[in-house]
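What follows is a pair of complexes built around chain A, which joins chain B in one and chain C in the other.
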Partner chain A sequence: MNSLQNRANAVMAFSISAIFCLLGAIAFSALIIPSNPSGAVALDSIKVVTGRYDRNWVDYKTRNNEFANTVMRIDADLSSLFHWNTKQLFVYAVAEYSTPTHPKNQIVLWDTIIKRKSAAVISKRGLNNKYSLIDVNKKWTDINANVSLHWNIVPYVGFMTYGHSKASEGYAFPLPSGIQT
Partner chain B sequence: MFEFHIDFQGQHLAEQVTQGVISFFGVIAFLVGLIAQDIRLSMYIFAAGVVVAAFSVIPAWPYLRKSPIKWLPSREKLAAAAAAAAASKQESSPSDLKDKKTA
Partner chain C sequence: MNLRQVLTNSLNVLMMLFGVFMSYKAWGLYTNCESPLVVVLSESMEPAFARGDILFLSNPKKAVDIGEICVFKIPGRDIPIVHRVIDRHDSPETGNQLLLTKGDNNNVDDRGIYQELYINRGKMWIEPKDVVGRVQGFLPYLGMFTIFMTDYPLLKYALLGGVGLVVFLYE
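Moving on, here comes the complex of A and B:
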């Protein structure tokens, strides 16, 4: 600590150690801050159509993959998830169902990023699914799926934490009723 | 010219001041940020602490140079002093020199 450079180095080195302790304390404090988020997703209608899985396929004839087109209703109040270590929320609606070949399937239907507490109250009607709802078995016969709202808290520093709402009632998928254009 | 070096007591004090100021501002930053639920405020308070610590110890302030080391006189100076004493011995009486040495 006798010379100018030596003292400058000591101050900077200790401040780095101290800021890591501060950031660690912030990261752990975020885990114990209480919150009471609520959310619900409901499907107003489900329509199953057949189409090609991939538009880039050279085979234009086999429209044998079943797509489920849904209309969703989402209500959520996630504002209590915004504490001092929340950078943004990633919110997504998930359909979950089981088939004889695959016991657990989860498909994201819709998602959004919330960056402010003032935008954390969601009330959406008539949402179509953003991502294709297709099953690995290509058919939607005898499927009973429930939907739920999931969220992921993206922190400034620390741990990614996840949560989800209670699953809705099961929705039975109808038979195909058209061809996707 | 500017003085950049500080004494040993000053170095000990500078280290204590650095760690004390930065730790204190770190704790305050955490508590204020937690109460205000504002991580940006927390970071600004911590940054202010680093600036205060840097300002108080990086320049060689007088409070860090209060107890400079008192070195013994150099051999050259001692030799010069002895030569001067020997020169004065020839002029003055031996009793005078004796008094000087015992003093």
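Moving on, here comes the complex of A and C:
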């Protein structure tokens, strides 16, 4: 009975330590794998409409909140980010701009989840923004935004890492009437 | 079994428990987080996080960036929510931001959750003061242990019984 206890104890202690060393090795080795991801987002058209509700039916209380509807094109090659510790890639397109009341604003326009290396080359045209594009101040006058592609590597075990592409040039938002500012 | 042996055993068990507790709290101080380790309870972040996964959190003072996965608490609700930031608006005063979150597996953003309680009606954003931590690391499956303990209290009593046996019978 004693020696069974001792044996079970020794086996458990050793296997647990070995498993955690392996997990640690996987987690830390994933930090130093070289990769060269590339991506670019461009906006083909921007239209500003006024409305009261957004896609989620959240009431913004008045009728003239300005929502921007964009048509995007996205090209990316993220296959080099897939290694033994990549569970999935969360890829999202971000519009970034600044206003007098809020110096830095970022809004996610579109996102997708990539689970396999074969699906990691993205080439999309004519995408509408998945989420409402509306500023805190609910107006798009005099704002210039640039767009970039960001990604988040979710590991099987270990650290969450992030990356992003270069930002595109600034896009100006037209007035709701369609006049380009 | 004699009294001295039982006392020695209880002392050892207590030292182990308190040692673990102290390391946990010290880790919380280092990461600036009350609870640097959480277990995922819902499926709103599938396929990234499944029920039973362990998340390592930290809460650095720098601004929340877009795309970061934040653990936040809505005033009046105990259970923290782990979702991704999809909107970020920084105010000129440092430290103040307006954030909107959404679970990867949800179709809509979290405004419905923010405004669920009557005291929170009209709450359109969360702020860094609602955020208790950001996800830095991930360990799959091992949190199922705590989920089993909460779902089947019998297991909890069995574990306590096992510890009691060790304290009283170990030589």
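Basically, the second predicted complex is superposed on the first by the 164 of 181 C-alpha atoms of A that agree within 3 Å, B and C clash if a C-alpha of one lies under 4 Å from a C-alpha of the other, contacts with A are read in each partner's own complex, and residues count from 1 in each chain.
The criterion applied here is as follows: a contact is a pair of C-beta atoms (placed from the backbone, for glycine too) under 8 Å apart; a residue touches a chain by one contact, two chains touch by 3 or more.
Treat the numbers as computed from the prediction; the structure is a model and nothing was measured.
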For the combined arrangement obtained by superposing on chain A, do chain B and chain C clash, or do they fit?
fit
In the superposed arrangement, which partner chain does A:Y131 touch: chain B (first), chain C (second), both, or neither?
second
On the A-aligned overlay, A:I32 touches which partner chain: chain B = first, chain C = second, or both, or neither?
neither
Touching partner for A:Y156 - first (chain B), second (chain C), both, neither:
both
Based on the superposed arrangement, let me know which partner A:L175 touches: chain B (first), chain C (second), both, or neither?
neither
Counting residues of chain A touched by each of chain B and chain C, the higher count belongs to C
Taking the superposition on A as described, I'd like to know which of chain B and chain C A:K115 touches: first, second, both or neither.
second
Looking at the overlay, what does A:Y92 touch: chain B (first), chain C (second), both, or neither?
second
Hey, in the superposed model, what angle do you get at chain A between chain B and chain C, Cα centres, nearest 10 degrees?
50
Where does A:N105 make contact in the superposed view: on chain B (first), on chain C (second), on both, or on neither?
second
In the superposition on the shared chain, how near does any CA atom of chain B get to one of chain C? Answer in angstrom.
13
Let me check the overlay on chain A: which residues of chain A are in contact with chain B and also with chain C?
156-157
So in the complex, the part of chain C that touches chain A is made up of which residues?
47-48, 63, 65-69, 84, 86-92, 98, 102, 104, 108-109, 111-112, 124, 135-140
Contact set on chain B toward chain A in their complex
4-6, 10-11, 14-15, 18-19, 22-23, 26, 29-30, 33-34, 36-39, 42, 46, 49-50, 53-54, 57-60
Spell out the residues on chain A that touch chain C in their complex, using ranges where they run on.
23, 27, 55-56, 58, 87-88, 90, 92, 94, 101-108, 111, 113, 115, 131, 135-136, 150, 152, 154-160, 162
Please output the residues of chain A touching chain B within their complex, sorted ascending.
1-4, 7-8, 10-11, 14-15, 18-19, 21-22, 25-26, 29, 83-85, 156-157
